[in-house]
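Several structures are given next for inspection.
Here come two complexes built around chain A, the first alongside chain B, the second alongside chain C.
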Partner chain A sequence: MASSRPARALPTALGVSFLWLCAAIAWVLWATPADEALGIVQKIFYIHVGSAFAMLLCLVAASGAAAVDLLSPSPPVDAFGRACTEVGLLFALVVLTSGPLWARKSWGAWWTWEPRLTLTLLATLLAAAVLAVRAMAGSAGGRRIGNALAVLAGPTSYLIHIAVQKWGGTHPQVIQGGGIQSPAMRVAFWACVAGLLGVAFALVALRARTLRLADCLAALQLDRQAATLRQQRAAMAGATDGQWAVS
Partner chain B sequence: MTTLRLGWALLRKDLAIAVRTREVAGLLMLFALLCAVVFAFGFLRQGRAAHEQLPGVLWVTLLFTNTLGLLRLFAPDEEAGALPQVVRSIAGPAPLFWSKAALQLCFSALICAFLAPVVALFLDARVAQPQWVALALALGLVGQALCGALCAGLLTQVRLREVLLPLVLYPLTAPLLLGGVQVAALAMDGAQLAEMQGWLMLMVGFDLLAVVLCPWLFGRASA
Partner chain C sequence: MGSGRFRSRVLGFAAAISLGTAGAVWADAPAAPSVAPARDLSAYKEETLPGGALAGIAYLLLLGLVGGYAAWTAKKVEALQAQLDALDGPAGDAKP
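On to the complex of A and B.
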């Protein structure tokens, strides 16, 4: 019974986070003022920034989990790392979709080689590559190879960040630059961030649990196949002994 | 000492095979030449070569050629069925990693020495300060050889590795490409060392990271 508690709690947590996020978006749409310069397009920020936070947290956690799993292999840590990579990739896609929508209105172009955009794109490509390698390499090999690449991806992403920062950029500084002036906007912004992070954490926990269960199931199936093979071998050995006894 | 001795022995064996057969290096140089020609065609403007494209053409051609070389890097040991034994040798997987990274560096340095003047000739480009371009190329090739040997080694037993290798390697080595292209562009314009220093330091940082992390990750992942 104890094992069924998290099974019920995790979907509930996801549902609560999702409802919170929906309420926050409704608050953004109806209760926050529109930006004077950008109009309604500015409201993309409420989703975009929170998704970027979730992406960053998930990918950093994935890299850390990969390092821990390489040092001392542990199936739950591996499942957590895989789940973080998958959810990080999902939020990266949200960031890469919402960013250009805002950029078209603000910068007049769907895409520019701006530092944060470039870093996000390369981090997304790295996460997708790690997942592709894991899928192609099978269970045991894929785990080690995927973890090694995920560990290398962490510091490399930081170097990419330094590299693209040297270009200089025009990305707005929403948090550090004091971009949110109105109190209503500030409340709605942090409510959206909380909702998106809640959804991200719940998705990671659910996905990690699903991956662990899938691994357990695969191990059980292997055990069952091994037991069947042992039975068949014993039956064949018994039949051969019988033949010898008759002859 | 065992690691060094074994690594040197493996490198000598691979170099002897490469010199005797002369297959891989020759074909890679031919591919690099073809790639440079295709890029030169792509950047022709009213019959004239676009000399400002030199950094991009040079680095991307090198990246593509190195990828082809990396796909054959572990092939001799794999085809002989010796890879598992070499990995489980007395000194662990480290000698194999270092010998393969050194071999890849030899191949890519050879190709680079041939390719850089050819690309400059095709694009009719003049570089005001070639010494800094050479330094950036050296730093870039070291980092690419280390990361490449790691990725190629890890993917030896993986399905569709020909597709997966560039998928993994290109984003991982992006800082080297960014730094190398910027240094080459600045050197073409006759910029001072101070302007390129940041990019060169970034490439040095990447190489240091690769020197520390790549052999460790290769050892952990192939153990």
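On to the complex of A and C.
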């Protein structure tokens, strides 16, 4: 009974966050002014940056969880780490698709091999590799190798964060480089960031719960099979004893 | 024993890569100007999709990807909970 409350609460939290995000997007599309230089395509910025925040937070959390799980294996930590990796990959895909759509208009190219873009692609491939290893390799070995790979997502996220300051490149730095000047744009931007982070946190919690439930179900099914086998054995032993008694 | 050695090797490997990368970054990487040079956007206006279409594609992709994943996860958790409840029921009845 106690488990039904979080089971209802998490989808509700996810629904509320998603509605908030939709409202923030509607606000961005209809109520914020278009950028003078770039025009309407600049509105991609509102979801691109928030998705990048969500991606970096999820990958750093996945890296921390993987390190903890390597040191002292724990199923809840493992489920949390896997959920963070999945949601991090999801938002990385959003970043890698929304960025080029903006870049085509702004830079005249869908993609350039500049430091931040290349590192983001690397982090995305790393997250995909972690999930592929976890899905394909056996339980214990796959878990350790996947965790070892996931640990690397932490330094990669840090390098993404500092890439423009350290190595330059064409990627703009709006937040660190003076921020957004228009108050209407600023409010809409932070509303979008709040919505995206809310959705990301709710997704991580719900996905971690899904993974834990799947583990519990597998353990319970194994228990059932073992109990059935024990019953069959006992029945066979009883039948054999009966035959001996008759003879 | 084997598992502990493997774990310490993996951690050592990850730590070495992390420290090496961080060291390489901070050692002598020159700081570069953070502002990209201004570009002439007029050349690209004719050959690209309209800005509104590009922004629309980005928003649809976001809502499709995140919404689809959220719906799939919510359905999955419901199905698993139902399976667990179904399995748990008879066992719970059997308990004294």
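Here is the rule we use: the second predicted complex is superposed on the first by the 225 of 247 C-alpha atoms of A that agree within 3 Å, B and C clash if a C-alpha of one lies under 4 Å from a C-alpha of the other, contacts with A are read in each partner's own complex, and residues count from 1 in each chain.
Throughout what follows, a contact is a pair of C-beta atoms (placed from the backbone, for glycine too) under 8 Å apart; a residue touches a chain by one contact, two chains touch by 3 or more.
What you see is a predicted model, and the numbers here were worked out from it, not measured in a lab.
Legend: residue contacts after superposition of the two complexes on their common chain; A:Leu122 is shown touching chain B, with no touch to chain C. Legend: residue contacts after superposition of the two complexes on their common chain; A:Leu152 is shown touching both chain B and chain C.
In the superposed pair of complexes, A:Val94 makes contact with chain C only, with no contact to chain B.
Once the two complexes are laid over each other on the shared chain, residue contacts for A:Ser182 go to neither chain B nor chain C. When the two structures are aligned on the shared chain, A:Ile160 is found in touch with chain B, with no touch to chain C.
By the touch criterion defined above, A:Ala132 reaches chain B but does not reach chain C. By the document's definition of touching, both partners, chain B and chain C, reach A:Leu70. In the superposed model, more residues of chain A are touched by C than by the other of chain B and chain C. Using the contact criterion defined above for the overlaid structures, shared-chain residue A:Gln231 touches neither chain B nor chain C, since it reaches no partner.
Of the two partner chains placed around the shared chain by superposition, chain C is the only one that A:Leu220 touches, whereas chain B remains out of contact. Chain A residues in contact with chain B (one complex) as well as with chain C (other complex) are 70-71, 144-145, 147-148, 151-152, 155, 159, 162, 164, 166. On the chain A side of its complex with chain B, the touching residues are 70-71, 122, 125-126, 128-130, 132-133, 136-137, 141-142, 144-145, 147-149, 151-153, 155-156, 159-160, 162-164, 166.
On the side of chain C, the complex with chain A involves touching residues 3, 6-7, 10-11, 13-14, 17-18, 21-22, 25, 29, 31-36, 39, 41, 43-44, 48-49, 51-52, 54-55, 57-59, 61-63, 65-67, 69-70, 73-74, 76-78, 80-81, 83-84, 87-88, 91. Chain B makes touch with chain A in their complex at residues 147, 150-151, 154-155, 157-161, 164, 167-168, 170-172, 174-175, 178-179, 182, 198-199, 202, 205-206, 209, 213-214, 217-218, 220-222.
Residues 3-4, 7, 10-11, 14, 18, 21-22, 25, 29, 37-44, 47-48, 51, 67, 70-71, 90, 93-94, 97-98, 101-102, 104-108, 140, 144-145, 147-148, 151-152, 154-155, 158-159, 162, 164-173, 176-177, 199, 202-203, 206-207, 209-210, 213-214, 216-217, 220-221, 224 of chain A are the ones touching chain C in the complex.
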